[in-house]
């Protein structure tokens, strides 16, 4: 049914209390907000979900809430993000038990790795759950700069090991080369999804199938509309909408870089915006994220009111 | 008793079967080999222990075996290495329950982080176990290039949050600046340990207190002798011994870089050497490490026989 | 007349003999080939021109030949690429004396530099020739990773110091943020040109004004056609043409990476293709570029015949 | 006579007026200061000489003044630092005409290069002046991160192409591996010189032959004394002196990093110190270096008075 993943698949952020407890009701409202906004799928336990800040139990809790509340409305793919295969294996077991529609795995990290090792990593994960689509997650900024090799990805696609790629590498010529290599190989069952919020129109022009936008938590309707325009090949209008979205995206640059890192500023902005919109109850992040201050939160609210899709 | 950590503290590798089961008897023999060789402490669950390849249960198992078998002979410090504070917290709980003599934590990784966030990371870990010495682990190559800020480390040392640093940054001028900043601040209870196998003599000359050498699994006696010469300020002889050790260290470059990454080649060499010496039963590594081939293993054995301390 | 630079502006490669002597007749034929193909301008003495392999006298010779032979047909912008301002100053004097229509300068390189120093660099170059448009060249891969700051560029654009940017940074979200910042600032006299051969359609969709494609030496007609489609907002057809062009671009990956670097493989491919097309007499490159072998040259010719615009 | 280069060989900074004119009398006083201080050689036109800020004519002027004023007292090696071989060739001709005792060349830069190309680069430079010792300059931070391959250097040493290496890579394990590879190959005519100001004692312990310290402009006597202690294998005393020198070295960190880059702060400090000592008339640097302010200059003077060798 959900065989080929395409469209808007936001990485669902994880609402939590100031004490770090998962906030289920807020998470349910967020899931509704995203689906009602027109998203085509949900990416649970992604980087924007603070996955690497959640214990194994918490990850299960979050995924369980999302699966239950989604109740089959859209496909749910789940991150199984950890340093190496033996640890990813545990996460795969948990996700499979909860009935996910797809798995998303990065290259091994922390360790110095190699193409052969990455390839075996994906093969072994696939063997654990051969009937569940597996997506490779290209995110060099998080895994010591490792870029997933295009030839390797296409080889694994051809063998049915991989069902797609989520590309958060930030280099659109890479994304395009992936699409071209897939097409040249005559492979159809392989989704290429961009992780870039600000170049979705460009990525679709190059042939990608969908987008995994963190900002899609805040304004899923804008991305759904963007997808619609792009599928209709209405590129000029899409570019105008993209520009409006990019002004909204500036919320992630509001946080003061002398006081916090990019994760605090970015996730903090998504959560502050969602709180401002009344969707989640608290903008708290897991430790040791640094909080935005009142002035920054006000500036974010202003950008949301100005550039967000009216509700 | 073990208040100030100094001397040779090898990161204990984790013997396992080809099926990935922890090999307790081999691990006990290895602990004996290291202690008998003259090491002054043990670093359990470090990078060379394949920590990030071990599940939480396996980490507990490994640490438990080491604590039991060591039986107080030397201090045991334990890595609590995971992506962020909430996950490190679990590992701290486990390590504290097993009675370790010290904890070793890196900066957060996978996430984009910041000095303020790293500082809070160490403060929170310290608060979990204020009576157990906490060592910061500087290992940029594993944590997206993040280098621990010298001023931050000294500030945390002055406040009693940190008891020392294990520096695997590979830049000796950094190591030295750390020693100098510590001395200028008049701080005495702060160990600086180098993680470099090949520049121990240089690091001691600059004033470090000890070394955490992966190669110390294979030849602890050589490092113990090196430490002895260095403490006696017999630098010229130490440099000669260092040169011999560095020839032994070439075992980590035997593995073919077109077939495997640096972790496979390095850990594979340590394990192959230990098997050759009859200390561990299998040189198997956790997946998805790639194995050395017979020719490479033979070359490693030859280097061990030629440059290792006769047993 | 040539006030606002837009369209296809190939960086003209420098034909030379095996002895490293500039081959004027070949260069004139190449200029004709590019202009006849429909290019809108010429970028002389760019990276693809082997500028940093040419002595000051040779740069003057090359620029003089191009200016003379072009004879005002299209605007000619000239690279003034050297490590620091005092050295760039000499090149500016030479270029101005030859009557160029624009100057193109990178950030300082070799030295560790800073935004303030880069800003002053552009200001001082502009003061040398205030009536000649100055273009900033963003090419981090050549200048120790330095990325030109968007806010700085827009500030300098607003003051009339810069007339545009050639962006070879390879990150399309950067290119787009530059376009958006320009538009938000209400600046019209500021050209944004992409240096990417393979994402021209995407860059135009994001609002750039032109492209500086090295491959435009080989197939200027394809890029001229691409520009035409893009200006007409015929994006879907443009993307198809872009895909064909990208297959031609594979000539730059033919050279064996174990025998040569990216510059040898890339420039070597452009020159081999131009020789195959009968435009230049020799594919020789300046030392210490490494030559392509016969097999590689044949593979390049085949790609040109298959994917190049028929002549 | 000067066959094997060893000892302290400071890279001579280039005094200039605020108008950027070379200040010959100041340069002569500086040469005297360095030689009187006990240096064993002079490195003209190195990175610290602002070489890449000097035109070809200015480089000749500087080198000519140094050669004349030195008058054979110590060997003078000269940087021939430019992007590629054709440009380096001009500099070699100039340096040879002025009678230098050695040449110092980096890997090609600005261009994407390759080991084969770097090797040919050194071979061709050597062929231009086969009777003048050629030193390879390892300085990755200036040349897009390129590290000179140890095996390549030793191969070129064995063939007589290279007479030594100046290593400013900042990684002492690299320096040591170079020394060990040289010794293992039985090569004697190959000097290894460290470019690190702050780890000279460590580098000598590892077997280097000398040091090229920028700070040696300011306090040549300290480095001469350090060399003396190290040659006598008096390592403990040397380390104490090194620590004192390192406190003096802090002058390079005085310049405010929000206002200037590392080159401005570092060279600015050397020149401010030399002016404070009455050796040069102006601390001006070539554009677009940013100047230190009065407060910073005062702080530098204070450090010089406190930690410099009394004169």
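Quick notes
Order of writing sets the labels: A, B, C and D. Residues in every chain begin at 1.
Assume contacts are C-beta pairs under 8 Å (C-beta built on N, C-alpha and C of every residue); 3 or more make two chains touch, one makes a residue touch a chain.
All figures in this text were calculated on a predicted structure; none of them were measured in a lab.
Averaging Cα atoms per chain gives one point for each, and the point farthest from that of chain A is the centre of D.
Interface chain A/chain B: over half of the residue numbers present appear on both copies, so the contact uses mostly the same residues. Centroids built from CA atoms put chain D at 36 Å from chain B.
Shown for chain A are the residues in touch with two or more other chains, of which there are none. Which chains touch which is summed up as A-B, A-C, B-D, C-D. Looking at the complex, you find that chain C touches chain D at residues 20, 47, 52-56, 58, 81, 83-87, 90, 108-114, 116-118, 120-121, 124, 141-145, 257, 259-264, 286-290. Those residues of chain C lying in contact with chain A across their complex are 170-173, 176-177, 180, 196, 198-199, 201-203, 205-207, 233, 235-236, 239, 243, 246-247.
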